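In the two complexes that follow, chain A is the common piece, with chain B as its partner first and chain C second.
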Partner chain A sequence: MVYAVTHSPGWPEVEAAFFDWGAYRDSFPAISRAFLLNVKIFLIAEAFILVFALLLAVLRSLPGPVFFPIRALSIAYADFFRGVPTILVIALLGFGAPALAIDGIPTSTTFWGIVSLVLIYTAYVSEVYRAGIESVHPSQEAAARSLGLTRSQALGWVVLPQAVRRVIPPLLNDFIGLQKDTALVGILGSVEAFKQSQIEVAADFNFTHYLVAATLFVAITIPLARFTDWLVARDRRRRQAGALA
Partner chain B sequence: MRKILIPLAVVAAAVLAAVAGGRSEVAVAAPASCAKGNLTLVNDGRLTIGTDNPAFPPWFGGGEKTKPWKINDPGTGKGFESAVAYAVAKRLGFATSEVTWVYSPFARTIAPGRKAFDLGINQISYTPARAKVLAFSASYYNVNQAIVALKGTRIASIRSIAGLRGYKLGAQLGTTSYQFIVNRINPARTPSAFDDNTAAVTALKNRQIDGLIVDLPTAFYVTAVQVPNGKIVGQFASTGTQERFGMVFQRGNPLVGCVNNALAAMKRAGTLKRIQQIWLAKVTGAPVLK
Partner chain C sequence: MIEIDGVRKSFGRLEVLRGIDLDVAEHEVVCLIGASGSGKSTLLRCVNLLEPVDAGQIVVGGDEITARGVDVNALRRRIGIVFQAYNLFPHMSVIRNVTLGPRKALGLSRRQAEAEADELLRRFGLADKRDDYPDRLSGGQQQRVAVVRALAMRPDVMLLDEVTSALDPELVAEVLNVIRELAAGGMTMLIATHEMGFARDIASRVCFLDAGVILEQGPPARIFSTPQEPRTRQFLDRIIEAGRL
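Coming up: the complex of A and B.
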């Protein structure tokens, strides 16, 4: 296949447009600097998502008819923000919210980009948490309650610690997705890595600059993916060791 | 043996010369004949022209007529670029009905590979680096960059390039305006880059940016229609060579030479100037910031 590609009639043109190492070196420093914004967006968003998603998952698993409105609202939230494409939420909030011109509402595009990512990923991650909570056998909570713990104590000390530990691999999986989606904030005008590479492409019509951005994203997502694999393997080892004991 | 070698050497030299000729960036020689029948076209017998959609004034006019065109239909012959394109087509021997417009967004226009158009016209500025990827025609419009801000804001009263450094500036992606901000203004705050005119104008209205850098004719359209409380703070003179818009072609397309002949004839006959007076009449002076 490599032969077929490199000997195709259009290859010299593709090679010059996508694999120009001079262009790669030229734009690497600027795109790396812009990539710091992706890292910043990712880190800030992740901190909020972890907290909000857990809250949403707990709200959704509240039992009894009294909590029906809360359950219904959290289901509606998760359905809505998982259903709308990320890029649309970013465009609507990023251009729409500042247009309200309410005093005190930030106009920073990066701010609204982060808000959008938090809203969307909270919906995804709450589902992951919920799966974790539901995977904890009801007997665990029953046992905790029988020891005299209140419902919230049982949740906080018995159910959630087990639930969260079980869903760490899928959580990290969502964060790999989040890292990549930081590139979408660029549509608001924030100059992150992809936007910077678009700027470089527009300057000389050379597409190699996209490769620079791709390299940077891969450079942080691959270590995270391997870390996830390692966590899964460790968890499996421990559970098997527990089964033998 | 020698009898064979000499013609071979001549052929080789000719091939080398042809290759070298095809690679030169600016001076692409016109083919022996620019007669319509001799041209290799994307669609036989028709001149196919690519541009972006929506088609903004003052470059395009005439309103929405046929699908998929928004704001303006390039096929109406109205607006500066449409009028120039039809004048060039006429010089090349194409009747108005023999011109086809295709939608070609900037990203696709500049992508390597076969083009869907014979020529592209979309306010694309010539730079030597860009000319390594696409062939550019000679200038059909010499352009200056300008800055638009909201009336009554602090930036609106700035009178020098140095005075702009402290503000949040923005430009549309794919324009030389962004390079202009970085290289000439060198602002303290990272400038924003927007995917299209709509996003850039929205950000200005929302005060997400203080100033928007666009080419001067677009600045007049922005302040007249899109941002009524906007103001052209000033324009910037090109440094070094004058910035110019060129039509773009697949590299090595001999049509460039024919279009250059047509443009030269239009300049001599005053056609280009007349088209400019009709469609860019509102583009009058703006204070030059230094």
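Coming up: the complex of A and C.
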């Protein structure tokens, strides 16, 4: 495979356009600096997503006919934002909201990019939380209620801690997806890693600059994955070794 | 202490309790026996309000718990229940399992809750398991922790639902001994059990539950030696055949 590619007739040109070590080194500092914006967008968005998604999942698990409207609304929300392509939400909000020119509404494209990502990923992550909540056997809640805990105390101390532990791996998958989708904010003009590499490519028509951005995204995914492995392993060790609480 | 009066309960079209009348006096130990599916668990869950009753009333310690608008959380604090499947909280150490109720539902400080819990754990031979997680414990130890967890709420009444049914035979005795100790200490208890020998030893009264009604009740000596009802005799014969009496 590698041989077939590196010995193909077009390889020399491709190599020059995509794997130019000199170009890589030249644009690396600028694209890395721009990548800090991706990290910032990711961190801010993630903090809100984790909280909002949990709220949405809890609302959706409220029992009884009284809460039907709330359940229906949260289902509609999740369906809608999982259905619309991310890039469309970003374009609509990112170009639309500032154009309204309403006093007090931020005009920063990065701000609206973050809002879009939060709206979309809240829908996804709430589904993950919900699966976790449903995987905790009802007898756990019964045991908590039998001790006189209120419904929300049972949820907070018994159901959610177990639910969240179980969904850490799928949660991480969504983290990684979000980290990658921060590049879409670039379409609004925010100079993040992808936008910066586009600028570099436009200057010298060398596509190696995209490779710089790609390496940066991969480089941050790996520690994220190892961190989750560590969390999962620590939890297992703790419960099996006892006496370490 | 417990007055159950004409209690009925259906699941869909299945009528599980068909008019139960049963009084348990203070310090009395009443054992419920009966075939699987006769409604023993359902009755205990109704007394703890884990299931709402369809008709009839239940009075515990002078308060009608089946009345509308009662504070179920306050009532449950006075009624301890231990389940067949232990239902310990797997994400918490033994001490945190035991102190969760006292801290969150009774509002005890952590220090006081732990001091009381340590005292109970010592009394039931679990002091060295204090910081272990449940999955490190044997079934017998887990069930004893479950008993301690219920006792930590200082309940007026204990409900025990086949607390030895999930245990390996060699672990049954340690749990039964704990219950004997509770009985000796004057705890009012309503116990669903398949352990006929145990019921004969410990019960002030034995009730035979059949198809959702209490068909026969009386002192264990009479129920086990000269049952009046053919159904009771049949049930006991089957138990004897199975070598459990």
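Methods note: the second predicted complex is superposed on the first by the 228 of 245 C-alpha atoms of A that agree within 3 Å, B and C clash if a C-alpha of one lies under 4 Å from a C-alpha of the other, contacts with A are read in each partner's own complex, and residues count from 1 in each chain.
The criterion applied here is as follows: a contact is a pair of C-beta atoms (placed from the backbone, for glycine too) under 8 Å apart; a residue touches a chain by one contact, two chains touch by 3 or more.
Here the structure is a predicted model, which means the values were calculated and not measured.
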*Touching partner for A:Arg145 - first (chain B), second (chain C), both, neither*: second
*With the two complexes superposed on chain A, say which partner A:Ser126 touches: chain B (first), chain C (second), both, or neither.*
neither
*Just chain B (first), just chain C (second), both, or neither: which does A:Val201 touch?*
first
*Touching A:Pro161 in the superposition: chain B (first), chain C (second), both, neither?*
second
*Could you look at A:Phe95 and tell me whether it touches chain B, chain C, both or neither (first, second, both, neither)?*
first
_After the superposition on A, what does A:Ile187 contact: first (chain B), second (chain C), both or neither?_
first
*Which residues of chain A touch chain C in the complex?*
139-140, 142-150, 153, 157-158, 161-162, 165, 238-245
*Going by the contact rule at the top, pick out the chain C residues touching chain A in the complex.*
45, 48, 50, 73-74, 76-77, 79-81, 83, 85, 87-91, 93, 95-96, 100-101, 104-106, 131-133, 135-136, 149-150, 153
*Within the complex, which stretch of chain A touches chain B?*
10, 13-14, 16-18, 95, 98-99, 101, 107-109, 186-191, 195, 198-199, 201-207
*Please name which positions on chain B make contact with chain A in the complex.*
106, 110-113, 127, 129-130, 132-134, 170, 173-175, 178-179, 190-195, 199-200, 202-203, 205-209
